[in-house]
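Chain IDs A, B, C and D follow the sequence of writing; residue 1 opens each chain.
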Amino acid sequence: MSHNSFGHLFRFTTWGESHGPAIGCVVDGCPPGIGLSEADIQPFMDARKPGTSRFVTQRKEPDQVKILSGVFEGKTTGTPISLLIENKDQRSKDYSEIKDRYRPGHADFTYDAKYGIRDYRGGGRSSARETANRVAAGAIARKILGDDIIIRGAVTQIGTSLIDGDQWDWDQVSQNPFWCPDAKAAKDWEGYLDNVRKSGNSVGAIVEVQARGVPAGWGAPVYGKLDSDIASGLMSINAAKGVEIGAGFASAGYTGVENADEMRMSGGKPEFLSNNSGGILGGISNGDTIIARMAIKPTSSILTEVQSINSKGDEIDVRTKGRHDPCVGIRAVPVAEAMLACVLADHKLRHRGQTGN
Amino acid sequence: MSHNSFGHLFRFTTWGESHGPAIGCVVDGCPPGIGLSEADIQPFMDARKPGTSRFVTQRKEPDQVKILSGVFEGKTTGTPISLLIENKDQRSKDYSEIKDRYRPGHADFTYDAKYGIRDYRGGGRSSARETANRVAAGAIARKILGDDIIIRGAVTQIGTSLIDGDQWDWDQVSQNPFWCPDAKAAKDWEGYLDNVRKSGNSVGAIVEVQARGVPAGWGAPVYGKLDSDIASGLMSINAAKGVEIGAGFASAGYTGVENADEMRMSGGKPEFLSNNSGGILGGISNGDTIIARMAIKPTSSILTEVQSINSKGDEIDVRTKGRHDPCVGIRAVPVAEAMLACVLADHKLRHRGQTGN
Amino acid sequence: MSHNSFGHLFRFTTWGESHGPAIGCVVDGCPPGIGLSEADIQPFMDARKPGTSRFVTQRKEPDQVKILSGVFEGKTTGTPISLLIENKDQRSKDYSEIKDRYRPGHADFTYDAKYGIRDYRGGGRSSARETANRVAAGAIARKILGDDIIIRGAVTQIGTSLIDGDQWDWDQVSQNPFWCPDAKAAKDWEGYLDNVRKSGNSVGAIVEVQARGVPAGWGAPVYGKLDSDIASGLMSINAAKGVEIGAGFASAGYTGVENADEMRMSGGKPEFLSNNSGGILGGISNGDTIIARMAIKPTSSILTEVQSINSKGDEIDVRTKGRHDPCVGIRAVPVAEAMLACVLADHKLRHRGQTGN
Amino acid sequence: MSHNSFGHLFRFTTWGESHGPAIGCVVDGCPPGIGLSEADIQPFMDARKPGTSRFVTQRKEPDQVKILSGVFEGKTTGTPISLLIENKDQRSKDYSEIKDRYRPGHADFTYDAKYGIRDYRGGGRSSARETANRVAAGAIARKILGDDIIIRGAVTQIGTSLIDGDQWDWDQVSQNPFWCPDAKAAKDWEGYLDNVRKSGNSVGAIVEVQARGVPAGWGAPVYGKLDSDIASGLMSINAAKGVEIGAGFASAGYTGVENADEMRMSGGKPEFLSNNSGGILGGISNGDTIIARMAIKPTSSILTEVQSINSKGDEIDVRTKGRHDPCVGIRAVPVAEAMLACVLADHKLRHRGQTGN
């Protein structure tokens, strides 16, 4: 059952609410003998953590990961790795007024409909804070995948502003607060997002993640398809509303001739002349770069007043004060990378289990 | 493990290759006491089956489902329901020449990379023929969901031609061979697809599925999200390259104010004034219509010659003769409906299991 | 979910009722490239099938297995293997009178309590006929394990008559209709069982299964323990009431000194001087022979009248006519072997998945 | 995948080693709205914890459980419940000398064979300390089951000394340090175990657990059988070597007439006149008391010297100093109760999911 767990052979289970004492995850199925310490995980945590620029939430969380089990004398032992991240900056007072109010776009109403009870502080379990666990698990997944597989992501669109794909430069991604691979777009986004933020509004984004170096043969027919698991993983990220692989929705408008990724031999190895497939055919990796994109809706917490109801069925107006990201898509990049890493680590082990390779 | 199974409490497992003696599926977890016979399933099979118009493959398959277990005196018994569909029109000779050839866009290369062996006849396990099983399982899922939940789908785009959303008329969907809800677009598509077909080419499509009447509260945080499972289910369909929920990728371009689905009370019940969320918030249904869309790439089997390699590493040109759909997206509609039905049936039982409701 | 499926990486799902048109199973996760045909499976089916001696049920079933998928040109392809076994000798008339009657020891009452409906013919889903599927899946599991792992079983007790362990001779097992490894006991059992049968009664049995050649290292802490999975697998066999590993229940009476399986080196390899552990320590194989035993209760279908109730709540007396095994434990041997083989095949793949070995 | 998780709808995942900073578990799938605090769990922890009498290990652990998530304002929210138990009395020095030594009966050799690395301190992951998590999860399971279902256990045999079943008095169980339901046997065991302990030896035990008040209908065919899951759960407990249900191994020696649990009506409800089935027929509860028994081998850590090898392949003699239980079976009672509770809670939810009851 997959309520709060993800993956099969490489499987992690997360727990924790935004304003509880801590959040954490248990990573099961990690191969033994892999060098692992908090230092391997922390850089990815730092990349996701809030408060790093004016374009993300100002909640201050060090997001320091502690490894509580599964590692001995610097190496994984093959037993479950328990990771703990304390909540340091909860400010529960900020949230008391939303106790009975259903913020549009949030899970307040649906959690109540499902459970009849919810920890309303900061969104409780539905808070994006949960994604810190994914990043931690993803760091372990990267260790399983090894250095030959490069997983990285970027923001390709914020609101109505797109990057110029021809200007894509991976080195730019770390040079701006937006994970933007296009230097000029990054500059534009500063002013754009400042306006959005100041107007008490928010915008959506599109995030692209890639995995280079994945060998052909990972994945499985037909409900364990690599793209199916990537879709599941990315869509489980807070605020995700769409996932596509390779050419994705654009491929609907292509002809078969345009869409065919033709093959030739190159240096004795198969080569694809284009990558509309996003590196996956029939649910199985083809050796080309795996490319996935996801759409993130605009932050639902906005200062602008919107109509809603409360838990008693009264009609109310809601204006969500607090420390919100003007564009949650930005901080989704390391989360999306992590989910891709976890899917791939799982399929590496699954492939090895079935085939021995 | 989910290689050839889908779902948890309502779970089906499929088997079979395009050119074996039969395909089939085993549906486990169906509640007992539900009236079920082949007649409940067959209409959905007929809607998906090939050969019904010149716009789909001319392979002739009656796709007659046989129930081999799990039903007694017209009612489900709660034990596994085994469904069998014989392959009647295999024509294996058609495929002998592709034995060693990797058709671009197909799973030939990746299955070989993974398994080192494949049943190459008609795509074997990767054939869209497998989807007949999904439709059969989906028919059972609909029985579990009951008559108050309406699941239906339509094609909203073929190649570069989109419907006019304002002309959407569900009654039109059964009036044309394209599942098109816009009468005028349907008419345009006839000529458009004839041209595509005659030029030895193919096109992609976008399919939209909706579920009306789903109560608020189904789904689960955070890796068992309803949208995550829908994404997984739809992306597992052959040729799918993208999935979106509600406003989907468009929501990336929205502001928070535009995207907010405001709430009011209506007749004593909560009502959403818009449905950008596609009926799902925080992974849980909100009572509004569930809306999902998927992108289907153009049929990879085309008469136009494209460059490829064979299993020996020789560079070759491939031209795929045979009985192919000029747009596989058309026949994907009942399959997408079925996957949505299966996800919902599973979550109905999962929700009931955890909460008793 | 494991209602009608068993295993994880090597996983089979069974379906079918005693008196439906057929039973079958779908085996998923089999490695590719393994030579497999019906001829590999049939000998195990024949060993389990009814009607082979006067000591087992006289129902005549050829139990001919058909492979419907997953094998191509004599080799497994890595895709699901669907196996079908037709029911040939159903005689539904025999069972009509038990429609509303709860036979003591059978699942009649509990199936009704659970589902409110049941296929009462021949026990329906709860019939021992289901175990034919396990034997078929087990034959595939043996192929995965390879020839170096020898799995075999024997009956060590029938009713109150035990074998003499010192007389254990594996060659005897196939020389008598009881799978008895002790020639003298086998002779005694003939008369003993004839008496039981003629008196309209039945007896229980103990079955022992062993797996020789399993390398050290298979299994997993702590809920995926090899012995835990063996216990689950054997206890799922019809009429099983107990499972033990190695010294089993006897070890409760041992001291730590008596129970310790001391180790020495032998030919450069670790060797255990005794095998009270049954080849498993901490849930992981230790390289010694794996030994498990299960208790099978006496056949519940007996000609002697016993008190019961019917579905209306009337008190009745039940005398079960029909073609019953005087000791179902006898035919449980190939089933127990099969379950052990399936557990081991699953763990072989799981171990390989996690560790690469 | 079930390596370190147990259950399906009610599912817990444990982590932690004997000598790490803490151990813990994550309980997923708990229904919402159930009153829960540490005070509900702690009494069960105290019953299992070490150091309570001279007949169990003298390690001093308060085993104080902290709830880190999933409970809000005293009630479960339906989200994962994370439980943490700190290790307070590790004394790592005690264990440094066994670093390379394989203690007979322990998992030292097999963990090394599997993983090539292990946390050798106190047995690491294979330590019985892990079972504290099970007890915590079991306490939550009991809350799900409600007060009408009574789960309790007792020791029925220590070494070669059995209780007199006719003297069974549940009130006695808490009156002696052995969970013994027979006052006279409890008295005998004091001297018996003192001798065992002083001689540097240990003994095994048999533990019986019962669940009264379970309604008919829980469980599932055929690999989700209630007894199959109980067997799996009990066999996963450290040092367990056998599991039986109802009459268990004794039923092998019964005739069908002796073994039949006849039925009558009593007060308008079905009643069984005996309970050889242990409350389970065809894998489904029949409404009678569920009875399971497990065999626990003698503590492997003994002061008496036994032959073994080390990780370099040298032959050595091992004498295990430290704070060991002379009979680990004693402290297994609350663990076995907890596992039974967890299996039942899972099946309660599974049954409700499928049938709505």
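FYI, a residue touches a chain if its C-beta (ideal position, glycine included) is under 8 Å from a C-beta of that chain, and two chains touch if they have at least 3 such contacts.
The shown structure was predicted, so the numbers you read here are calculated from the model rather than taken from an experiment.
Student: Within the chain touch network, how many edges lie on the shortest path between subunit B and subunit D?
Tutor: 1
Student: Which chains make contact with subunit B and with subunit C at once?
Tutor: A, D
Student: Copy of B-D's interface among A-C, A-D or B-C, judged by over half the contact pairs being the same?
Tutor: A-C
Student: Roughly how far is subunit A from subunit C, centre to centre by C-alpha average, rounded to an integer in Å?
Tutor: 46
Student: Using the average of all C-alpha atoms in each chain as its centre, how far is it in Å between subunit A and subunit D?
Tutor: Roughly 39 Å, centre to centre.
Student: Measure off the straight-line distance from the CA centroid of subunit C to the CA centroid of subunit D, and report it in whole Å.
Tutor: Comparing mean C-alpha positions, subunit D is 26 Å from subunit C.
Student: Quick check on subunit C: which residues sit in contact with 2+ other chains?
Tutor: Subunit C, residues with two or more chain partners: 1, 3-5, 8-9, 14, 29, 32, 78-79, 114-116, 125, 221, 350, 355.
Student: In the complex, go through subunit A and note every residue touching subunit C.
Tutor: 1, 8-9, 29-32, 78-79, 221, 349-350, 352-356
Student: If you look only at subunit B, which of its residues touch subunit C in the complex?
Tutor: Residue list for subunit B touching subunit C: 1, 3-5, 8-9, 11, 13-17, 20-24, 26, 28-29, 32-33, 68-70, 72, 75-82, 114-119, 124-125.
Student: What residues of subunit D sit close enough to touch subunit C in their complex?
Tutor: Residue positions touching the partner: 1-6, 8, 14, 102, 104-107, 109-111, 113-116, 125-126, 130, 157, 159-160, 196, 201-206, 215-225, 227-236, 238, 240-265, 268, 270, 273, 276-278, 280-287, 295-302, 304, 306-309, 313-315, 329, 350-351, 355.
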